[in-house]
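Shared between the two complexes below is chain A, which pairs with chain B and chain C, respectively.
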Partner chain A sequence: MARLFERRLTPVDSPLAILATTTTAFLAAMFVTAFLFLSYGASPFQAYIALFHEPFATLRGFGYSLVRASPLALIALGTIVSWRSGFSYLGFEGCFVIGATATGWLALLTAPGARIGPLPFFLFLPLAILFAFAAGGVWAGLVGLVRARLGGNEVLISLMSNYVAIFILQYLVSGPLRAPGSLPETPLLPRATWLPFLLPGTRAHAGILIALAAAGLVWMLLQKMPLGYELVVTGFNPLAARYAGIDVARRLVLAAFFAGGLGALAGMVEVLGSQHRLMDGISGGVGFVGIIVALLSRLNPLAVIPTALLYGGMSVGADAMQRRVSIPSSITFILQSLAVLLVLACDALRYYKVNPSAIWRRTPQTVAGQASK
Partner chain B sequence: MNGAQLVGSAFVVTWLSASLRLAGPVLLAALGETFAEQSGVLNVGIEGTILLGALASFLASYYTGMIWISLLFAVLVGIVANIFLAWMYVTLRASQVVAGLVFNVLALGIASTVYRRAMGNSSLPESIAMFHPLHIPVISNLPLIGPVLFGQTILFYLTLMLAFVAHFVLFRTNFGLALRASGENPAAADSAGVSVYRMRYAGTLISGAAAGMAGGYLVLAQVGLFRESIVSGQGFIALGIVIFGRWNPLKAAVAAMVFGACDALQLSLQIFGTSVPPQLLLALPYVVTILAISGLFGGKAVQPAALMSPYVKD
Partner chain C sequence: MVKHTLEMRNIVKRFPGVLANNNANLTIHAGEIHALLGENGAGKSTLMQILYGFHSMDSGEILIDGERVRLGSPKDAIALGIGMVHQEFMLVRRFSVVENTILGLRDGSSPLLDLQRASEKLKDLSNRHGLALDPAAKVESLPIGVQQRVEILKLLYRDARLLILDEPTAVLTPRERNQLFAILRRLREDGRSVVIVTHKLNEIMECADRVTVMRDGQVVATRMIGSTSEQELTRLMVGREVNLRVDKSNQKPGEPILQIKELRVGDETGREKVRGLSLEVRAGEILGIAGVDGNGQSELAEAVMHLREVKSGHVLLNGTDVTRLSVARHRTMGISYVPADRRHVGSVTEMSVADNAILGLQRKYTRSLFRSFVDARESAEALVARFGIRSSGIDLAAGKLSGGNLQKLILGREIMRGSAALVVEHPTRGLDVGAVESVWRELLLARQEGKAILLISTELDELLNLADRIAVMFEGRIMGTVDPAVASVEEIGLMMAGIPAGGMLTTATALMETRHGETL
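Up next is the complex of A and B:
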């Protein structure tokens, strides 16, 4: 008997089905958010046009979208590496801050007259990348070590470690690294350490190239390299991984190290490309939005860049919306998180098979069913 | 009593009474979370629920001026928000960590949008009606223990009482047994006739009610106004306290006091002026929680066996 909705044993996992559910979820989130716009007396259509026009249809706005997208993409890539290895790390806000702090400190050392002195950019950048990656990697790697050796819960420990990192930065910018002035922030970093700007007339900087390269490397690691395969197997089934001779504990720590390093690169890109100084509150929730980007990308490294661009662009559009029509930009937090929650909800749809023929066959069948009684 | 002793005892009194004051909301949230986790649900969404509860109680108190009604409103908002979460966790069997975490971002968006919608763009925070510390004749005037133990708001005593109630319900009633069975071995509980889904919904909703009330506690007894940063990880600390307290409400109460003492140390030391950087002390509660749940002191074995694993009824 054909029913309209038939439950499958396993979800459909064709790319088309995944794309369809993700799009449905996103449209549903936009539909719900439309009511919020209505509550401000704004036409939802115009609000959405305002939300997407500035970031994607103006050159200046697109530059800002790229600026916002780069750290989001790097954090999302870190999320992908750790989560696919079975390490539910949530400490990217902290890694971002640690990476930003390490980079800012290094850059200040290269100011004229400081400990290291001016470095050419082609020397400074690799040094900064290595230093930030190592700092963030060790920061997250410690959590990996606790999980692997002591069995501590990485979800909560990484959440707590975010606050510790934020206080470390707060201490540095209000004490040892503070510039003279009323605000707790460091002096402007030396011009020579800034990431080059890409598009003339915009703020777009080379950070997006770093994010693109990282996306390629993460894709290579997880899809093409034996180490990545071992990481993914560890994530799928740690017991099977152990029987196959994979050192699960070491893989977990390594995954944590990579994840932390990528999260720290996000902080580096933000400091060298956009802020050009360290200040309190530099992270502002980007660590969590980055995780959301990874989730919406379905933990697929190649989908990260477009998704990060979408989310980065939305935050640029939201700021423009707040300036022009004074609808608070926090509405985009609702839209962005609702989209992911609805993606989770729509995943249930992939368990169902729709039989459109059941609609017009229903009547005869019920008649037949009643007749047989 | 010489001068140093006088300063010393004043320090101890402010420190200890602030310890208990700060322990209240996190303990309340941790008590609810204990129910969720004992039923097999790790509800990370309590951070956002506390924020929504805080906003709800602030707005209710701002518009009505009635503090008990405001507290009740915070509890209701907590329950409603967690119906949604329970549906994600239990019915849709979404990853609990993911759903809870993303819900926290959603709650932040909702809270800040609604607050701005209600209060306009005025930068001045509005103050509201609040619970005041009780003053019991005679015993509140006792040295040391008077101000520390008998100078708290009524919400503190209510929370302590709830810790005992929670302990009784979890370990001495059929409901508590069924709840714990659902978190320990859902398949066995199911065959014994326990509705695992219903128990997990109950656990999540209890944690939502408690978290909403904790938000109300923060606003109505401690801060007196609403900020987006009002919760700042206290929900996560409550999650840590649940582990630290080994999924036991009474031990959680002790753990919450330890946390409160760390948090209050920073306040008291700042009042009494020391050269220790305040950030070091601010980070202390988080560091203590990390150490407490790191597994350095054991504790993996007592976790509910089915925690974080969705149950599929065959």
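Up next is the complex of A and C:
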């Protein structure tokens, strides 16, 4: 009896099948979004060309894509560490802000005449990385502690903590760290603290290298190190982890610390590479888009960089699309969100076989089935 | 309604990739107790679920008194007088017996419940069939054996003529089991039919009239109990000769390895589940812990590993107090544990066989900072080979192994750690005969190697076969320790019900009867 959806005996889980379903989902999302383009009287083909041409086929645009991709990738990596350890952290917006704030503050201290004074970049950068990582790590680690020791719900607490972080930054840029002028922002950071630019004539900066290194390290941690094994076991099955002698509470706090640290590095990269100052609203939702990038990468650290580049590029292309075919750039958000929804939904294809012929033959089949009883 | 016979003919049921029932035939007469015997996955549950209207069949027919019937849902089945008692009882624990019984039934057109009238009817039914149930009693206050009777009463209230019982004795004490069999016999005398689905041979020999054996989805034979034997049934069920009478070598136990002194342990709600318990397991000895589930055995095992907080008392390993050391320290110092729940505690089903083989040993298989996959895989291969784990490879997800193979993986891992003491909880629960055989063999081998083994089980057969001593646990205490060579099942059964060995036997029995309101 052919049913429309037939459960597969074993789910298909080869990398090829995963790539195929993900691609199918993405194409399906583009297909659905095409109808939205039509409603603006634009040709979907032209719109998509506009969307992808600038970020991936022009040097300047590609530079921007790299700039947008770096923080996204770092946040996605943080998401991977925490979620695979069974810690559903959603506070990356806050970590980003904390990391940005810590870096900005440190950088301002190295301004000529400030408390620390000028530092050579090769000293400043490791210091900034450590400082931002530690600040974000403690920020998220506290949520981990609440979950591990008191059984608090990390989803709610981490979401709420985003606002706290944002308010802290608001206070600092409108008070103690405010530059003279009308905007709530700090003065420009000393030139010596900026991340070097990579490609002449573009805005691409060394942040993408930091993201690449982080992806390698996260992959190594989760795949190659005993600690990573313990984190993954904790994520899959805390009961089995406890049984195996793994200190589940400590691993949760540690996972939270790593996640927060990576989230904070995203903030650092943004401040030192692109904004060069602290200001209100610096995060702008990166903390959530980064989670989407992690989901789309199926929590695989090696898939993060290409996925982040795709999403970062799409946000660059959205502006070009608005200019060229006058379609609101917010449609890109719809496309990005649809892609995630469909990627998650397409997972069903790995568990179920579809028999399209069943659609036509459905009614007579059912009757025959009943008659045989 | 089933008056004379129920026939299932040429039943075929296919699940994707599996032929669960392959032309299965089954005939049940009114007034008989019919056993359906088979290993896990033999198709007996599927066949019964078809009869109960839970699954549809792909082809075949069901006839009641020669007439073809259609069973589209459990509702159809109950209307035809077919009812089922599931292994997990479907009772609302906070409701009374009568409320549970009438749940889902509409009595006439009245919008109001008439509990009074239902209670009267229940009392009547209960007396007639010897169930001895109080309709007003809350289900949560009833012992498990009595809850089972509520399930039977529910079916009788709906006037079931054919009652299907899925593994009915799994949770019962020997005494409750005998009571159940007495009830089943009365149902038989009443002209009703009973089908018990089971893999316990001794119980079939004791209470069934006929037995149908299934293997690989097919019915391989139907026998009158009088004209068959346990040996023949085992052979039919497994398809080969099986020897479950194990030969235990005679060996003198050595020094005490694991000592438990005056241990007190609470459960999540703070109730004390282990109440001042003392035990000693010596090298090369299997100490069996008998008892009905829920008398503190799991809490005991977890407390020994310090997976659970110990209120007071001590656990000693080779004379060293390990009571409050971490789980990891317990493991490195030489206590291994095979937990009862192999899929949720003993293994990580999403991960590969190789990764599960190093669970708890992840810090051992390393080279400098990194995991050593070469060493880990080598040891996983050795484990698979030595314990005969049937798997398509060590990269297969452990969750895809059968229960028996997964258990061998866990048991093997814990044995191969080389610990001096081994705590094993329900090692063969839900396994089929072939797997039971090999798990038992491995446990005896570990005993020969001189390990001190604490074996917690509810299966008396298992304990009588393997243990050197059997301690019976009841409500967190040891009721007594017996030598399996001389102890009788009755004696152990009484202790499992909380009656100390010897003396005061009759008064205690009488007390139990009044307490549970039983007249049997």
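The rule is short, and it goes like this: the second predicted complex is superposed on the first by the 345 of 373 C-alpha atoms of A that agree within 3 Å, B and C clash if a C-alpha of one lies under 4 Å from a C-alpha of the other, contacts with A are read in each partner's own complex, and residues count from 1 in each chain.
Here is the rule we use: a contact is a pair of C-beta atoms (placed from the backbone, for glycine too) under 8 Å apart; a residue touches a chain by one contact, two chains touch by 3 or more.
Please read all numbers here as calculations on a predicted model, not as lab measurements.
After overlaying the two complexes on the shared chain, residue contacts for A:168 are found with chain B alone; chain C is out of touch.
Using the contact criterion defined above for the overlaid structures, shared-chain residue A:224 touches chain C, although it does not reach chain B. Judged by the touch definition given at the top, the superposed model places A:151 against chain B, while chain C stays out of reach. Residue by residue along chain A, chain B and chain C are tallied for touches, and B comes out ahead. Of the two partner chains placed by the overlay, only chain B lies in contact with A:340; chain C stays clear of it.
Against chain A, in their complex, chain B makes its touches with residues 42, 44, 88, 92, 94-95, 97-99, 101-106, 108-110, 112-113, 116-117, 121, 232-233, 236-237, 239-240, 243, 277, 279-280, 282-283, 286-287, 289-290, 293-296, 300.
Those residues of chain C whose C-beta lies close enough to touch chain A in the complex are 16-18, 56-59, 61, 70-72, 305, 307, 326-331, 337, 339, 341, 344-351, 355, 358-360, 362-363, 365-366, 369-371, 400. Here chain A touches chain B in the complex through residues 36, 39-40, 88, 90, 146, 150-153, 155-157, 159-164, 167-168, 170-171, 174-175, 285, 288-289, 291-292, 295, 326, 328, 330-338, 340-341, 344-345, 347-348, going by the rule given at the top. Those residues of chain A that touch chain C in the complex are listed here as 1, 6-10, 224-226, 229-230, 232-233, 236-237, 239-240, 242-247, 369-370, 372-373.
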